[in-house]
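Written below as structure tokens is the structure these notes are about.
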Amino acid sequence: MVLARVVGTVVSSRKEPRIEGIKFLLLEKIDPETLKGKKDYLVAMDSVGAGPGEVVFYVTGSSSRMTTVTEGKPSDATITAIVDNIDLKGKAVYRKEAE
Amino acid sequence: MVLARVVGTVVSSRKEPRIEGIKFLLLEKIDPETLKGKKDYLVAMDSVGAGPGEVVFYVTGSSSRMTTVTEGKPSDATITAIVDNIDLKGKAVYRKEAE
Amino acid sequence: MVLARVVGTVVSSRKEPRIEGIKFLLLEKIDPETLKGKKDYLVAMDSVGAGPGEVVFYVTGSSSRMTTVTEGKPSDATITAIVDNIDLKGKAVYRKEAE
Amino acid sequence: MVLARVVGTVVSSRKEPRIEGIKFLLLEKIDPETLKGKKDYLVAMDSVGAGPGEVVFYVTGSSSRMTTVTEGKPSDATITAIVDNIDLKGKAVYRKEAE
Amino acid sequence: MVLARVVGTVVSSRKEPRIEGIKFLLLEKIDPETLKGKKDYLVAMDSVGAGPGEVVFYVTGSSSRMTTVTEGKPSDATITAIVDNIDLKGKAVYRKEAE
């Protein structure tokens, strides 16, 4: 799974019928050492109700269809968790409550 | 899913029978901050009737077979949405109607 | 799918039984703007009878098993089309007949 | 499979129900020549009880669901082994007992 | 499939039960133009009995489970052939017998 921040949204009116009603979030991958964005973006489906600015991790590949929201849908990236804490090499690099 | 622009077409007369009658579009990945092309190209199948110049997103992997057009076909990249709006860090970076 | 040129062959006498009798082609990915090779090589199975020097596209992942030749075989890259024409941003960048 | 070191943990209270109770480890990919971290991080599930500082390898893609712990769960990276020894070009580059 | 050289081994005593008894080889990807290693390493399962120094190709993704040795096992990279000959742009760049 990959750490990222929710940085935007993507809206489409003409799309594959199976993804009607799905919300598409724009994610920016982050470096866990600094929590800074890596200027590397992707569009993800969301199984957990993530909001703007939140740190999440998403799953790729066939596993991105294995959530309540994305079952049977053509996804290759789905947010499966909103992150509360990241600890790296003994340091608390991220606390959601402290943001 | 990945943001890209439709920049061309690829035509083949000798191909795997299962992909006969499929249209192949040439996509260039775009940077959502600037909407500029990244000189990174791929060939995609299309489930939504995308046209030249349009901003789309496509899905990769086994999910690229999970659309009405590509079911049972050997695709690893299928366009599943024509993009209307992209919002990034509070800014409206793309509006289809304004192009 | 990815654009590439057939640049060679790979021969093996000791291999997994399921791939006996399969021909392995060496491909070099190409840049569609210039049609030049990118020095990025891979080994692919071939479902269409591609020959040396030809421009093709290949499919990756589980879809590379979904051709007449590769069904049930451990492939992660299979040529599914010999390319006749590539049009990019309004220009005819490749015509097979003109090579 | 990919060599990495366990360098931290990721905690989430709001997540896809299917991954409740799973522990998420933060991994840093390592270079087997030097055993140094490559500043390339990912979040993995763990099927073997790996602890902080340990060298492991993890599996990606659909195979990351094929362990006792991750069966049916949306994972794209699962630790499947704690590494004892690495030998590279005739040299013992890593011995767990010597750390 | 990807060309690589067998450059070492990885040993683990604590691992997912489904991979007990499997041998893990350390591979270095090679450039077919020069046959030199690219300092890009991975751990692979082996379906063909490859030995140290041999040039092989391996398969990735779900296809890496489609060999006699790896059926049902969590692999994402399995050697499926020991390479005898590589011809590139009309030149014999590798002959196993000549090594």
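The chains carry the letters A, B, C, D and E, assigned in the order they are written, with residues numbered from 1 in each.
Methods note: contacts are C-beta pairs under 8 Å (C-beta built on N, C-alpha and C of every residue); 3 or more make two chains touch, one makes a residue touch a chain.
All figures in this text were calculated on a predicted structure; none of them were measured in a lab.
Q: Can you list every chain in contact with both chain B and chain D?
A: Touches both chain B and chain D: A.
Q: Mind listing the chains that sit against chain D and also against chain E?
A: Of all the chains present, none is in contact with both chain D and chain E.
Q: Hey, what angle do you get rotating chain A onto chain E on C-alpha, to the nearest 5 degrees?
A: 145
Q: Any idea how many Å lie between the Cα centroids of chain A and chain C?
A: Each chain reduced to its C-alpha mean, chain A and chain C end up 33 Å apart.
Q: Would you mind pulling out the distance in Å between where the CA atoms of chain B average out and where those of chain C do?
A: Between these chains, centre-to-centre, one finds 21 Å.
Q: Using the touch definition from the top, which residues of chain E touch two or more other chains?
A: 60-62, 64
Q: Draw the chains as dots and join the ones that touch; what shape do you get: line, ring, star, complete or other?
A: ring
Q: A student should be able to answer this: under the defined touch rule, what is the ring order from chain C, with chain E coming next?
A: C, E, D, A, B
Q: Mind pulling up the chain C residues that touch chain E in the complex?
A: 7-19, 24, 26, 39, 41-44, 60-62, 64-65, 72-77
Q: If we count contacts the way the header does, which residues on chain B are in touch with chain A in the complex?
A: 1-3, 31-33, 47-49, 57, 59-64, 66-68, 78, 80-89, 93
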